[in-house]
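One structure follows; several queries about it will come next.
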């Protein structure tokens, strides 16, 4: 077996195992960390597909940023895991049915012609940069979706601030800018008093 | 002679030779790196000692030179405590997650024109991604300890690291813009061009001059990223003792220590490469070479120590303010300036 | 291109081993004398009186969300930073690209300013 | 692919709305003292301005593309956009007092409103899988936030979470389907996909697999059975002005999504998606009508009735192709469009009535709250009666013609049994609409407070309800518009 194939199976196995971990592990923090592992090994698989920029961005954005938020949330919530699991058994038959249907469909499609013919993408030359290839189209041909992405980020920003920000009334907040601006004259007043005589 | 030796070795190992060769290179990187870390702790104590008119460690070995070795041995023979309430598995993974990315980032750093382990086209992106994993060590350690100080420390540290990553990222975009590449070697090359370089005054055509605000922001953000003084509220002794590392002892603690110092060295190297021409010689009549990179990095490492000896600790709200309200606007404005500069006929990066 | 990442893979393995080895060594060489006091959470000598996993200020979430947004923005700008110089040199729609990116940045800078004004970046 | 500079003027309405959203955001922050009135005024101005731009660009019925082929400007899009503007306009107007009374009127609310409208607009004129998805995300993200806008209210937060989680799953399904199709055709462009599908280029199995996911995603967005779990809870939990919006604009957007994907992209596989839609439609019409009977909360009742109405829209969509013949296409799709638009109008009026009755600390969301409305305000009781009659499909209101057109298309497509079933279920459904009329006219009022509403609200709401009756008397105008839209767009 080729070395790349070995690496593929290695990361593929890690990804699948970690994905199972996400749903099977009891502790939500462990589940979130399993998800980190899933992203990481998926990034490795993308790299094997020559998608260098996307793979590293996956790590940068999902592992480095999104999952940090996940962990923040999960770590700070005291989730009663057992209560979450109520109804697990009663929903299991339906869940298994849906899963079985999906597996059958997947098998049908994946064993079909398209995916059997598909070979791994042609190896790019050592100095090829797909960051550059992306850059050449993203801001011209794809400028419309690119700007839409900016607007969606804006929606997220507005939503996040309007839903989470609350001013606390009980804090005594010192504005550093104000503090810096203070001059000696604001704090100290030198007055001259006539000397008093007895 | 060398060639012949490699040839023989290659035939010995057969198809596994590439792996062995890479392994050799990695060892050639890791050993000096670990020594550098060890002696950086020594240098820190000495430098701060002298700055405070003390002598610093001078007992172990001649003039104290064996001090770091003694420290390492001591830590090795200390008990690794597992607190009863800790989450055992994650408690162990914490320090591993701190050190692994700190080491992994080094794989992409070039030390010279042809001296590198991996020459990645997206090297900058790779280093950025790997260093963004750094935060996991802190979070996992803080949470797994299941104790208040570590948890508080971890929350503070991660929010702080994450905030300064934004400023660093925006700063880097301008560097990439003028270099036109994500490859470290190309970035260094791009700094060897320009009017001053032709005049033999290479150091004036390095990025630090046109990107001065970014160089400053980048290095200071680097200090904040590594949670070093004066941004060390994470482990502020007087408040939360040692932050996420409170519960760790012995070798587990040593791993965090290694990671912190490896990161300091990494930040110094990156600053040298992005803004100070890497291994380029500052003046035309001296040859380029690895020594220049090392000298530049040493200067920045010295700055790290100097900061620690000089500045009082920042208050946490000031830290967040500096990151979000000072550095981000500076980098954004300079990004705009650089873009317009590039488009204008005055561009110096043609 | 993938072959460039072979050393990275090897290094990842080495770095993992290198991080685990000291822990193992420490476990082997160091003593192990557990004691309930020693193993209790550190709280400056006080008995820990409540669970360490407390709910935190919502500001930390907000910072994390803002970080995601800005990180994404940075990721979107990387390809631009790489090709922009070449595009100027080739004259290939450089001004269109400039406009596209500036609109993108403007939208987010407006978001950033509004957040600033609303106090989302204050740490009280 | 060669890049050429896009023609921005075709997307003028979108650009205008985007800029205005930013303006509302900035003025809301910097002019905080007057930001509320200003936000409201600017938001309404934006909607009206966008409507003007859209109206003035419809004189040319040819289909035009810009941004490569990512943006399509056609009559179908323009008609849907106009009704989306109307929904947002009504939501802003009817809901104003409600928001002020609950201290929810903030500049962010209007920003999110406009951004969700922008998302719907982008979705409606998308001709590219990627743009379709981005528009959908923009619209729904803003809606999630709007549902949770009253953030200290547990009911609202719960509804928002349900909406968000299920919405995210459906987006995931949709995206999965899209990626399959992209994998099979190598293109995101709907035109290219459509060609590949009808020529049979690419593996049919992959197409069908992707299609199944697309249909599931679309069904989620429509909220049809069995993907309806969120509908009642979200309608119930959301602040009523937001419910009003969710029940109208996103349904029109979902219609656009269905038409662009299924008709634009997968026309060649119509035989495959018809049975899927049939299943969904039958289940929705049956379950929606039966479940609505059991509700005592009028928002929930309207939610279930909405599910059954969406079933009718799907009936119209599936009646297009019979035995490979395309003769039915225009009738069927224009009837579906007509139904979607009529439903939006009825939904606006019905939730408008709920808003009219609500006041500080009182949601008026129970059917009992309508008791004796006739004594309190005979005029609005009459208006509500019109709305309920129209929803029930009583001749000769708008709702009747909508149902009639769809059923006609279904019958001529040869699915007589479907039409019979739909009629039976409609008759059963009429029961719960008429129950509302009954409590208004024959029950004693529980409280006798006078209705508080601004004069604009009274006028627009009355006009809205009267339209349902008048348009019912002469539905040809609206029908012609819908027919023309479908005719020129394909």
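For reference, chains read A, B, C and D in written order, and residue numbers begin at 1 within each chain.
Note that a contact is a pair of C-beta atoms (placed from the backbone, for glycine too) under 8 Å apart; a residue touches a chain by one contact, two chains touch by 3 or more.
Labels paired with UniProt names: A = NADH-quinone oxidoreductase subunit J; C = NADH-quinone oxidoreductase subunit A.
Keep in mind that this is a model prediction, so the values were computed, not measured.
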(message) Which chain is most central here if centres come from C-alpha coordinates alone?
(response) A
(message) Looking at chain pairs A-D and A-B, which one is connected by more C-beta pairs in contact?
(response) A-D
(message) I'd like to verify one number: the distance from the centre of chain A to the centre of chain D, where each centre is the average of its C-alpha atoms, in whole angstrom.
(response) 31
(request) Could you put a whole-Å number on the gap between the CA centroids of chain B and chain D? (result) 54
(request) Mind checking the centre-to-centre distance between chain A and chain B? Centres are C-alpha means, answer in whole Å. (result) 24
(request) Could you give the separation in Å between the centres of chain A and chain C, each centre being the mean of its C-alpha atoms? (result) 10
(request) Give the residues of chain D that touch two or more other chains, as numbers and ranges in rising order. (result) 3, 22, 25
(request) Pull out every residue in chain C that's touching 2 or more other chains. (result) 1, 4-5, 53-54, 56, 60, 64, 66-67, 71, 78, 82-84, 86, 93, 96, 101, 107, 110-111, 114, 118, 122, 124
(message) Counting only residues that touch at least two other chains, what does the list for chain A look like?
(response) 52-53, 57, 60, 64-65, 68, 72, 75, 128-129, 131, 140, 143, 149, 151, 154, 156, 158, 161, 173
(request) Quick one: which bits of chain A touch chain D in the complex? Just the residue numbers, please. (result) 105, 108-109, 112-114, 137, 140-145, 148-149, 151-152, 154-156, 158-159, 161-163
(request) In the complex, go through chain B and note every residue touching chain C. (result) 18-19, 22-23, 25-26, 30, 75-85, 92, 95-96, 99-100, 103-104, 106-108, 117-121, 125-126, 132, 143, 145-151, 155, 159, 162-163, 165-166, 169-170, 173-174, 176-182, 241, 246-247, 250-252, 254-255, 316-317, 320-321, 324-325, 328, 332, 335-336, 339, 342-343, 347, 349-350
(message) Which stretch or stretches of chain C touch chain A in the complex?
(response) 1-5, 9, 51, 53-56, 58, 60-62, 64-69, 71-73, 75-76, 78-80, 82-84, 86-87, 93, 96-97, 100-101, 103-104, 107-108, 110-111, 114-115, 118-120, 122, 124
(message) Going by the contact rule set out above, which residues of chain D touch chain C in the complex?
(response) 3, 5, 22, 25-26, 28-30
(message) Quick check on the complex: what are the chain A residues that touch chain C?
(response) 4, 7, 47-48, 50, 52-53, 57, 60-61, 64-66, 68-69, 72-73, 75-78, 123-126, 128-132, 134-136, 138-140, 143, 146-147, 149-151, 153-154, 156-158, 160-161, 164-168, 171, 173
